[in-house]
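First, the structure itself, so that you have it in front of you.
Labels run A, B, C and D following the written order; every chain starts at residue 1.
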Amino acid sequence: MRRIGVFICWCGANIAGTVDIEKVVEESKKIPGVAYAGEYRYMCSEIGQDMIRDTIIEQNLDRVVVAACSPRMHEPTFRRAAESAGLNPYLVQMANIREHCSWVHKDEEEATRKAVALVRTAVAKASRSVELFSQEIPVERRALVLGGGIAGIQAALDIADAGYEVDLVEKSPTIGGRMAQLDKTFPTLDCSACILTPKMVDASSHPNINLFTWSEVEQVEGYVGNFTVTIRKKARFVDEEKCTGCGDCFEKCPSKVDSEFDEGLVQRKAIYVPFPQAVPNVPVIDKENCRWFVKEKCRVCEKVCEAEAVDLEQEDELLEKRYGAVVVATGFDVLGLEEFGEFNYGKHPDIITSLEFERLVNASGPTGGKLLRPSNQEPPRNVVFVQCVGSRDKSRGKPYCSKICCMYTAKHTVLLKEKYPQSQAYVFYIDVRTGGKDFEEFHRRAVEENDAIYLRGQVGKVFPEGDKLLVEGVDSLSGKTVQIEADMVVLAAAMVPRTDAPEIARLLTLGTDAHSFFTEAHPKLRPVETHSAGVFLAGACQGPKDIPEAVAQASGSASKALGILSKETLLSDPCVSKVDESLCTGCLMCIDVCPYHAITEKTIEEKVHGEVVKRVVAEVNEAVCQGCGACSVACRPGAMNVKGFSNEQILAEVDAVCL
Amino acid sequence: MSVAREEHNFEPLIVAFCCNWCSYAGGDLAGTSRMSYPPNARVIRVPCSSRVSPNFILRAFQRGADGVLVAGCHPGDCHYITGNYHARRRLSILRRFLGFMGVEPERFEVHWISASEGGKFAEVMTEMPEKIRALGPNRKLRDAR
Amino acid sequence: MKVTIESLRSDILKDIADISGENVAECYQCGKCTAACPVNQAMDILPHQVLRLLQLGLVDEVMNSKTIWICASCFTCAGRCPRDVDLANVMEAVRVLLLRERGASRIKAEDMPEILRKGMPEQGIVSGFRKYAK
Amino acid sequence: MKNLQDTIREIAAQSLARGEVELVIGWEKGDLWWQSYPAFIEEEKEADRLIWDPLCVPNLSRYLLQELSEMDEKKIALFVKGCDALAFNQLLQDNRTVRERVVLYGIPCDGLVDPSKLEREGLDRDLQEVERDGEELVLKAAAGEEKRVPAKDYLYDKCLTCRYPNPVAYDQMLGETVPVEPEERFTGVRKLEELDYEDRFSYWAEQFSRCIRCFACRNVCPACSCIKCVFDLQEPRWLGKATEPSENAFYHIIRAYHVAGRCVDCGECSRVCPVDIPLQELNRKIILDINELYGEYDAGVDPEQEAPLITYKTDDPAAFTES
C-alpha cells in the first residue's frame, strides 16, 4: 500500500481566502493510500520545505502531493525539497488549488469541493508515479546570436569574452542595428556612433565571433545544448577578401533606390553600403533593383572595381551549424501611420517621424547634420513634436506605451535648440514618462533651459497651408484649443516588433504576445529566458525598451547562455517517451509523428517456441525526445509511453477526477 | 434523486485536458488576473494536446464526465512544433465519430488557447457548462459503476 | 468643489452610462476630441472637459452648458479617440436626459417663423425637431 | 471459371516443383457448401486441393503474419483478390509483411456470393457447388440438377460497392481485368446520419448490446495486425472485461479509431461478426470524414503514401464547431 503525504498550502490568504483548508486536510486523509495530510501557511517557504523533508523521513512517505499553486511555478521547488529527503523528485505531484481554484471560484463550498477533487486527482497521479532519472546530454559549446543591433553585439561580445565561439547572424548588410541610425543618445547626449562603432569593431575583430551579415536563419532543429541551424548566407556579389571599401562602385552605379537606412529621405545605389562606418565595410548588390539582374544590362560596378572584387555569379550559401544556446535580439520597427489620416503623414515632406528627424540631424545623414526642411531645404523655426502617435491607443494603434518616445523627443528639442537658437519646439503630450536614471532631470533641462513648450493634449489635425503646416491641438491644462503654424511636424510613432517576428517565433517555437513581441518565460522572475529551453531574448524584440535596458538584457542573456555552454553535459528532462519492446509491433507509425526525429528502427531477437526470431521494434533516443507524447497516441498497442505523463498516470487521474 | 430533480440542480462535470505550455498557462493567467468562472471543469495537465488519446476521452465519458474539453496551443505555436497539427486531425475525426455514435458534439470541445489568453480560458470555462447543462447529464457512454 | 461618493456614483451618472453605453472612466484626458472637434470654439466647456466633469460627478455643470447643444454629432471625436470612448454618444445621453423632463423641448413651434426668415432650410428644422424636441 | 481454377493449380504445382516457393496459400473446399478454407500447400501433389469459386471469400493476406514470422527465409506464393491485395498493401505499410518474400498472383474478382442471400430464398437446400458463368450463377445441387440465377442479386453488399476488384498489387495477374462499376458505398452511413442523436445512440446501443467480444472482427482485420492488442493488456487496464454497453462501445469506438485512415474497406469485420453488427459502417463513417476533411484517401492502394492520421497540413480544417 502506498504511503502518500499530502501537504496543503494556505499561500497566505490566496488559497485560504476561499478554500476551507481544514476540510481539505480532513478529506485528504480519507483518500486511500494517503498516510499523512498536513497544512502550512507557506509551503514554498524555507519552513514549508523543511516540513516536507522532515515529514517524508518521519512518516516514511514514498509519494508526495503538494496542493498549492501552479506546478509551472513551484514544481521544481517541491521536487528539490523531496530530493533533500532522499525521495526521487518525480514522485512528487502538485494539485493546482490556487490559479485553477481559489483565485477563480468565489463560493467557499464549491471551491473547497473542487480543491478536494484536485487533491484526489494528484494523489491518483502520484500513486502511479515511478522513479525517473535524468540523463546526461553532450553540449555543443557554441552560441548563435540572431540580430546584429547593440543587444546582439553586446551578447556576442560577452559570450566571446568568456571564451566560447559565437556566430552573429544579421539580416542587413552591416551590424549596428537601429542605434547606428541615431545621432545622439539620451540622457547623456553621447554621439551614438561614437559609443557604438568601437563595439562594432570589437565584434568584427574578436577571434571568437564569426560575423554573418546579409544572412538569415532558415531552419532550426534540435533542443537545448544541441541546436542544428541552417543559415542562408545571401550572395553579396562582392568578394569580401578583395574589396578595399574604396566606394568607386557605388559612385558609378546608375540605378537609385530609397535608402532604408535613411528612412527613405534620400536614395542609395543598387550596390551600396548602408553607412560609412558599416562593419563589414563591404557593399552588397540589391538584386531587385540592380540593372544587371533586372534587365541583363550594365555591370558598371564590375568594370570600375580595381580590386576586381565584384562577382556577379556569386550564389547564396546554405550553412548548417550546431549550437548549445541561442540569443534572439532582432530589434524593432516603427509603426506604419496609414491609419492616422489626421496627421497627413506621407502627404507632406515636412511631416516626418522621429527616426527621420534623427537622420536629418545626423552628421552622416542625408543633410550632413544640418537640420533642414525636406520641402525647401530651409532651416525650420517652429517645430511641433507630437507624442503617443499610435501608442497608448487601443482603437487604431497599440495599447501599450512605447516607453522611449518622451525621452528622445526631449533630446530632439535640445538638439533643435543647439542647431538653431532662434527656433521654438512645441511638444504635444499626454504624460511625460521619465522613469530612468537622470531622465527627469534631462526633461526639465529641455523645458527650463531650451524653452521647449510642453502642451498637455493631443493634436487634432495637421494640414498644409501655404508653405507652413497648420497644427490644431489643445492644451487641456489651460482648457484652450491651440493652433500653431509649424515649419516641421515630428511624429513620435509607436515601437512595434519586426514584420518577420512571427516567422522567427515559429522557427524557434517562441511564444509571442498579441502584438508579436516575443514572450519571456516569466515577466518578473525570468525576463530573458523563454519557454524554449536554451533560447534567450535581448532588446526590443521582447518589448519596447531603451538602449541601457537592451544592453543589460543582452548581458543577462549572455550569462544564461554561458550557464549552458560552460557545462560539458546537461541533465536531460527524464519525462520523455519509452518503448515496451514486448508490445511493439514494429509498425513504426511513431517515427512519422515525432517532431524531433527521436525514434529509430531497431531489430531485436526473440525466442518464440524455442526458435530465435528477428523482429523490428521502435527505439527512442531519450536525449533527443522532448516528451510531447504524439507517438504514444499514434501507438495502437500502447507500447509507447511517456514517463512523467504515463498512460497509467493519466488514466488514474481521469478515474479520480470523475469520482 | 428523481431524474427531473437531478435535472434541475444538475451541475455538469467537465474533464479538461490542458496542454502545459499554452492552455494550462492561460488558465494560470486567468487565475493571476483573478477572473472568475464556474467550477465545473477540472484540469488534467498534459505535455501537449497531441498527448490526449481518444482512449482518455472515452474513459472520461465512461467514468461519468458530462463533457470533455481538450485545450492546446494555436496551430503554428505548438511548443513541440507539430503536436497540435496531429491533434487537430485526430480530434476532428473523433468529434464527428462520437456524433455518429449519438453523443452530442457539444459534449466534446477542442479550443486553442494561448498562454496570454486568460480571458478566453475563462470564457470557455463559463460557456461549456452552460451548453452541457442544457443537454443534461451524460448517460450514453457512462459505465455501470 | 466638494467631491463625495454620492456625487461620484449618482443615479444620473448611471443613466448616462446606461443610455450611452460608455464608461467615462476609460478616458485619460488626452484632449484629442477637443483638438479634432470642428465646433470647439463655440463651446463653453470643451469636449474633453465634459468627460472630466462627468468623471468628477459634476453633472449639473454639463447639463447647464451650451456645449451639449453645440455638439453636431459628427463623431469626429469618437473616430479618433485612442480609448474608444464614444463622446458623441455621451453628449446624446445628456441631451436625452434633459429633453425627457416635462416641457424641456429646446425647439418650440412658435420660434419657427423667425428662424425660417433667417434662411434655415426646412430640412434643418425637421431634423431639429426630431433631435431637440420631446 | 473452371480454367482459372486449373491455372491456379498449375501455378501452385510448378512453383513448388521448381522450388520458387516453399508454400502456396490458396483456398480449398470446406465442409459445408458455402465454406472455403485457406489451404497451405507445401508439396506439388497437393496442388489439386486448390479451388476457385464465388465462395472463396476468406482474406488470405492475414495468414502471412503467422507464416512469414515462422519460416525465416522461405518464399510464399499467395493468391489475392482485389480486397486481399489492398489488405496485403496495408500489412506492407505496417511492416507486417515483406514484399520480396511473397509472390502475388492477382485474381480479378467479379464479386462473391453471400450465402445468407441464397438461404433467405431457400436456394441452399442440398446445394453442393456454385459457379459463376458471365452474369449468372450456376447452382449445382447434390442430385445433379442445375439452377441459374442472376449473379448481382446474391453477391455480398461489400462486393457491389467494391472499388478495386482488380488487384492493385501482384507479380502476375491471372485472367483479364473486370469492369469497375461500384455502387455508392456511403448510403448506410448517410441513412444513419439522418437519425437524431438519441435514435443514433439507441441504434448503436442495441447493436453493441449483442456483442459477445469474441474479437473475430479484430482477428480478421488486415489493419488490426498488432502482436499484442491493447485491449488484452492487464496493466493499464484500458478495457473492462465485462460485455456491458459502455465497455462494448469503448472497444468498438477505439478499434474503429485504430484502423482510421488504414481500413481498406474490405468488409470482413461485418461478414465474420457472429451477431451481424454492421461494423463496416463504423469504418466507412471515418473514411467519409477523412475524405471530406483531409482529402480522398484509399488505404492499401499505395503503401508508400502516408496514412492521413499520421501526417498533417499546416492549414488543415478542424471540425470543432459543428453541432
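Here is the rule we go by: contacts are C-beta pairs under 8 Å (C-beta built on N, C-alpha and C of every residue); 3 or more make two chains touch, one makes a residue touch a chain.
This one's a predicted model, so the numbers in the text were calculated from it and none came from an experiment.
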| Relative to subunit C, which chain has the most distant C-alpha mean position? | D
| said: So using the touch definition from the top, which pair is joined by more C-beta contacts, B-D or A-D? | reply: B-D
| If you average the CA atoms of subunit B and of subunit D, how far apart do the two points sit, in angstrom? | 37
| Whole-Å gap separating subunit A and subunit D, where each centre is the average of the chain's CA atoms | 55
| At what distance in angstrom does the C-alpha mean of subunit B lie from that of subunit A? | 31
| request: Round to the nearest whole Å and give the separation of the Cα centres of subunit A and subunit C. | output: 46
| request: Would you give the residues of subunit B that are in contact with at least 2 other chains, written as numbers and ranges? | output: 54-55, 59, 76, 82, 86, 90
| note | Residues in subunit C with touches to at least two other chains are numbered none
| Which residue numbers or ranges of subunit A touch two or more of the other chains? | 593, 634, 647, 651
| Full enumeration of touching chain pairs | A-B, A-C, A-D, B-D
| Considering the complex alone, what residue numbers of subunit D touch subunit B? | 189, 192-193, 197-205, 238, 240, 242, 244, 246-247, 249-250, 253-254, 256-257, 260, 282, 285-286, 289-290, 293-294, 308-310, 312-314, 316-320, 322-323
| message | Under the definition above, what is the set of subunit A residues touching subunit D in their complex? | response | 582-583, 585-589, 592-593, 608, 611, 613, 615-616, 634, 636-638, 647-648, 651
| task | Provide the residue numbers of subunit A that touch subunit B in the complex, in ascending order. | result | 70-73, 96, 98-101, 103-107, 110-111, 113-114, 117-118, 121, 505-506, 509, 511-514, 519, 531-532, 575, 593, 595-596, 626-630, 632-634, 642, 645, 647, 650-651, 653-655, 657-659
| remark: In their shared complex, subunit D is touched by residues of subunit B numbered 54-55, 58-59, 62, 75-76, 82, 85-86, 88-106, 109-111, 140-144
| remark: So, in the complex, the side of subunit B touching subunit A is made of residues 13, 15, 20-22, 24-25, 27-28, 30-32, 34-39, 42-48, 50-56, 59-60, 63-65, 76-83, 86, 90, 114-116, 122, 125
